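So, here's a batch of structures to check.
Look at the two complexes coming up: subunit A is in both, with subunit B in one and subunit C in the other.
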Partner chain A sequence: MTINIWSILKFFAYVAIIMFFLFPIAWVFNMSFMTNDEILRKVPALFYEPTLKNYVALWEGELAIEGFATMYIFFKQNLINSAILSVGSVSVTLLLGVPAAYAFARYKFKGGEDIAFTLLSFRFAPALLIILPLNLYFSKIGLYDSYFALIWVYQLITLPLLLWIVRGYFEDISPDIEYAYRLDGHSWFQSFWRISIPLAKPGIAAASLLCFIYAWNNFVFALILGSSQIQPVTVGALAFITASAIPYGLIACGIVVSVLPTLILALFIQKYLVQGLSLGAIKG
Partner chain B sequence: MKINRKLFPYVLTLPALLVCVGILIPFFTAVYYSLQRYNLKMPHMKGFIWFDNYVNIFTDPSFWNTIKVSLTYTFFTIIIELLLGLGIALLLAKRNWLNNTLGVLLVLPLMIAPALASLIWRLLINPNFGVVNYLLSFIGLDGFTWASHPNTVLFTLIMVDVWVFTPFIMILLLAGLRSLPRQPFEAAELDGVPEYYKFFRITLPMLFPFILTASLFRLLESIQQFDIIYALSQGGPGESSMVFQVSAYLQTFQYTNIGKAAAMMVVLWAICYFLCHVFVQQWHKLKIKTKGELLQ
Partner chain C sequence: MSYLTLENLSKSFKDDKVISNLNAKIDKGEFFVVFGPSGSGKTVLLRLLSGIMLLDNGEIEMNSQVINEFQPEERDISMAFQNFALYPHMKAYDNIASPLRANNKNIPDDEIDQKVKEVASLLKIEHVLTQFPKELSNGQKQRTSLARSLISKPSVVLLDDPLRNVDAKIRFEMRLELPRVLKEFNTTVIYVTQDFREAMALGDKIAVLYDGKFNDIDTPKNIYLNPSSLTTAKLFGDPTINNFTASVKKEGNLLFVDADGEKFKLKRKTNIQDCRCIVGIRPEDIILSNEPSDESIEVEFRTKTPLNLRIVFLVKLKSGLELLCSMTEEESRLINENNKLYISFLDERSYFFDVETKRNLE
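Take a look at the complex of A and B:
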């Protein structure tokens, strides 16, 4: 009998977990195919004619409301901005971070640990502390509202992330392989490029995807340092929901489009996620 | 061209260091601002006032309210996420298709931007059409006030935080559980040790470093949470959900009181810096532990 009670409890636990964690995503996805009338029904509609109208409106940037004027939607630009900012940040991070990660892994040098720690502490510093003065600086030197400035500030989160993950991968590569290659008369750079990087490639790839997700998901930097012209989807979606008269289905559609890229990427790096999230402390 | 061997690692880290310096400058500027009377609306009043801003915020009841709300938020999110994350990890520990699939799917909320997660929940708990309200009406919970009432707003925010970040704890603890050595469990099995004893005396102690690491991570993020709260309640109604960063944000952009906002952020930074130190020590310990176990 006791086994039965346990399995019943377990069954309910599974149902509760799925309901709480997955139902919200599923329902917003569902809402994105609804018209406003269907959403505003007293009893939520489970059976309805799904429409792609919201997606079309989002893409074309305008929505004709019957008996009303045409509404212009800015969201596509937010998506483009998100892509520019995320790809830009990850590229810069790779350029700056991989050599530094290698140095931290291979060489014991004076101040090395301190530098590594300082970089990590940025990841955990209150974002506003740094952005507030930057906001004033950027306005003064005319960098406010530029992709360049934002990508630079994004390094605050992406650089330590990549550095601490990739460092672990370089540490796992035996230096002997590199030495052997260099004894053959190859330069340091050749051994770094042909031996070390290919061996650490899975780690670098996973770390850059995780950096991409973090950059895509960032909210506060662009909220403060950019105008609506360069803001990403996270800020754009908030403006979307607070603006009046935008159909709820369209808001849901905007949210779906904004979260889809990171959800899909997450499935790709599943294997590396634990290691990435714990900055290399826990092997998944 | 030959670069000095000793200098070489510095050359490699130099680009990253430059970014570092670029960030240290605004940091010190913020500390400097915190010692000044600096309000954008009254530029002529600008001047050095030593620690007046700090005295000011610590004698201000609304800052104490901010501290109280921040700590309440942090405490409850971490406790709930830890218990729930541990529970789910234990439930999913055995490898089978259902558990593996759920392990993958449950990570999804964590991959959603916290700000967007707030918006998702805003659509679900909307008083006009929110499906959650509809579902709750079946169990007699009609018209729950969610974020619109001071008594329920913190609950709502904590719920969203739990929704986003429980998967974080879950995935780390699941990895920890699955990496535990088998022998102690087999020995306990042979001795016929009861299930609860096994859990409290073997599983939990061995899992402890993982639990500590995961909670420190969460602690550092939770006490600074901005996205979820700004996107859902902006600190309101009144000041009932006013946490550190939202308060500093409003202080800057609504009251343009840069000096006061900077002082608040420095206080928060000091808390975080301390936690970060504890965190790095723990990180090193855990790394040695997991690497050591791999060697066995």
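Take a look at the complex of A and C:
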């Protein structure tokens, strides 16, 4: 067997690419188990004694830094806020977006395409363009600093995203399958619930995941439209940087913890994504 | 009184009138075949009947009740789709059981189980009940979809060209089997096909659909022997009926036909007047021979080709008129196309259509 030089080169190319993308993550992961002193050493240590101090501090909400006052962290609350905001906005998006996507896919109504495009066009505008007016409005109508306001604003992005992805999945389902279910004696809603939704599930799963990631990662809306009471981890992590110290270990630890939910969700949803590709077949 | 009455049904899409003023009366338990060329609106008609599409005009009356406004699930009509339309995320068993599980029925599980197995055994698909649609062959999909449409014993079953998407062998099997299966359920069947042989093999009655309405509704035999128009006559027959314009003059039981200089006699009892009309003669009603007879016409051989176990000859008359004649394989072996050829016509087997309207003149 001859050794193909290209396959070897390809192997190293893959390794290089993977290293490039994964190295920062691995570094951050390592950092979360180090003390600040170890992180700030002039020659970074390859081997160190891992500590859970950062995680404990994150959980307990206070970190004692030698020579300084104890630092208080609201990270746990930030995490809860992130969860409320993300789950909330994905739920609202599903509730509004799935029926809307179905309507756009199945029924041709006057102005339908225009409405769908208008919704999509919300994504064209940069967030900064609308954020200051929104801040003023929300202050006036008393929505500033509420979960509701943020979830509402997130819909600008998540709703069109889900709508356009799921619409395509609904369009791929043969209407005859739904009609067949109606003729079996089921109502319109039952055919929607038991036929259309399950068949579009891969699309709904993928879109929900993307919406969740968007909501979880959003920074600028949460920064401007809410106080620390409702701020998610993305904004909350800023509080780690204080005048007295920058606890790198704690920041790394926060990053690891805040990445986990999205990662777990992605792994969980992957099953549906793969399943969806092989379901299709109507005839032959 | 008829069980299902269709009165002046109309449906158009934008300016395209697919169904216009369609009428029919269908009896209970009848096997009613809707036959028409592709694009004639057969599927649209079934969709109107099932309630998937709404009528522009007209009235559907079933069991003395107008059902125009009924939702599909309220009509007690089931349908087997041409593309099967099985639920891809349900096993064959659940596909078939679906009509029994509809909310207003409340049938206990063991009864559902028994019924599914019964209909599956009738259609010989017991061994695939645990499989998903994508694991089934087309024939099995077809049987599953038939089972689903029959299991709840609906008053009317609509079958949308069910044998279209299965291969020739299964099509033949099913053509033999379908009448037996449907008889078990004693239901009214409306069966759509674009194969005239299938229509003639299965139907108690055939309705011929083109130009948006039923042009003939009759027994297969009557339509074949007495088509209402040239179009119908052309649809029933493969190869299609020979037709040519000619002047016809009647003398007793004899008709003198003059087709652009080609003169011959047909023996035919008829009430038509002397006129210029379109004469139709089916290929199987022309006798081809090497031996001349009293009434025969000499023809020139053009070509021959096998078609559905018969041999079709294309021959040319002196006037340039070309005719098809078909015969069995054995008969064709007696004919030597290198020798002189003669044709003659079977008695009483010719048709006369109006030149303008193409209607049958009798």
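Please note the rule applied: the second predicted complex is superposed on the first by the 234 of 284 C-alpha atoms of A that agree within 3 Å, B and C clash if a C-alpha of one lies under 4 Å from a C-alpha of the other, contacts with A are read in each partner's own complex, and residues count from 1 in each chain.
Going forward, contacts are C-beta pairs under 8 Å (C-beta built on N, C-alpha and C of every residue); 3 or more make two chains touch, one makes a residue touch a chain.
From a predicted model like this one, the values you see are computed outputs, not experimental measurements.
When the two complexes are overlaid, the chain among subunit B and subunit C that reaches more residues of subunit A is B. Touch criterion not met for A:58: it reaches neither subunit B nor subunit C. Contacts of A:199 after superposition: subunit C is touched, whereas subunit B is not reached. Applying the stated contact rule after C-alpha superposition, one finds that A:252 touches subunit B and leaves subunit C untouched. Contacts of A:234 after superposition on the shared chain: subunit B is touched, whereas subunit C is not.
By the touch criterion defined above, A:176 reaches subunit C but does not reach subunit B. Touch criterion not met for A:207: it reaches neither subunit B nor subunit C. Once chain A of one complex is fitted onto chain A of the other, the partner contacts of A:185 are limited to subunit C, with no touch recorded for subunit B.
Overlaid on A, the two complexes show subunit B and subunit C touching the same residues of subunit A, namely 278-284. Every residue of subunit C that touches subunit A in the complex is listed here, in rising order: 47, 50-52, 71-73, 75, 77-79, 81, 83-89, 98-99, 102-105, 133-134, 138, 141, 148-149, 152, 165. Those residues of subunit B that touch subunit A in the complex are listed here as 6, 8-10, 12-13, 15-17, 19-20, 22-23, 26-27, 29-30, 33, 87-88, 91, 98, 102, 104-116, 119-124, 126, 128-129, 131, 134, 163, 166-168, 171-172, 175-176, 179, 210, 213-214, 217, 220-221, 224, 226-227, 230-231, 244-245, 248-249, 252, 258, 261-262, 265-266, 268-269, 272-273, 275-276, 279-280, 283, 286-287, 290, 294. Residues 174, 176-177, 179-188, 190, 195, 198-199, 278-284 of subunit A are the ones touching subunit C in the complex. Looking at the complex, you find that subunit A touches subunit B at residues 10, 13-14, 17-18, 20-22, 24-25, 27-28, 31, 39-41, 43-44, 95-97, 99-100, 102-104, 106-107, 109, 112, 115, 117-122, 124-134, 136-137, 152, 155-156, 159, 163, 213, 216-220, 223-224, 233-235, 237-238, 241, 248, 251-252, 255, 258-259, 262-263, 265-267, 270, 273-274, 277-284.
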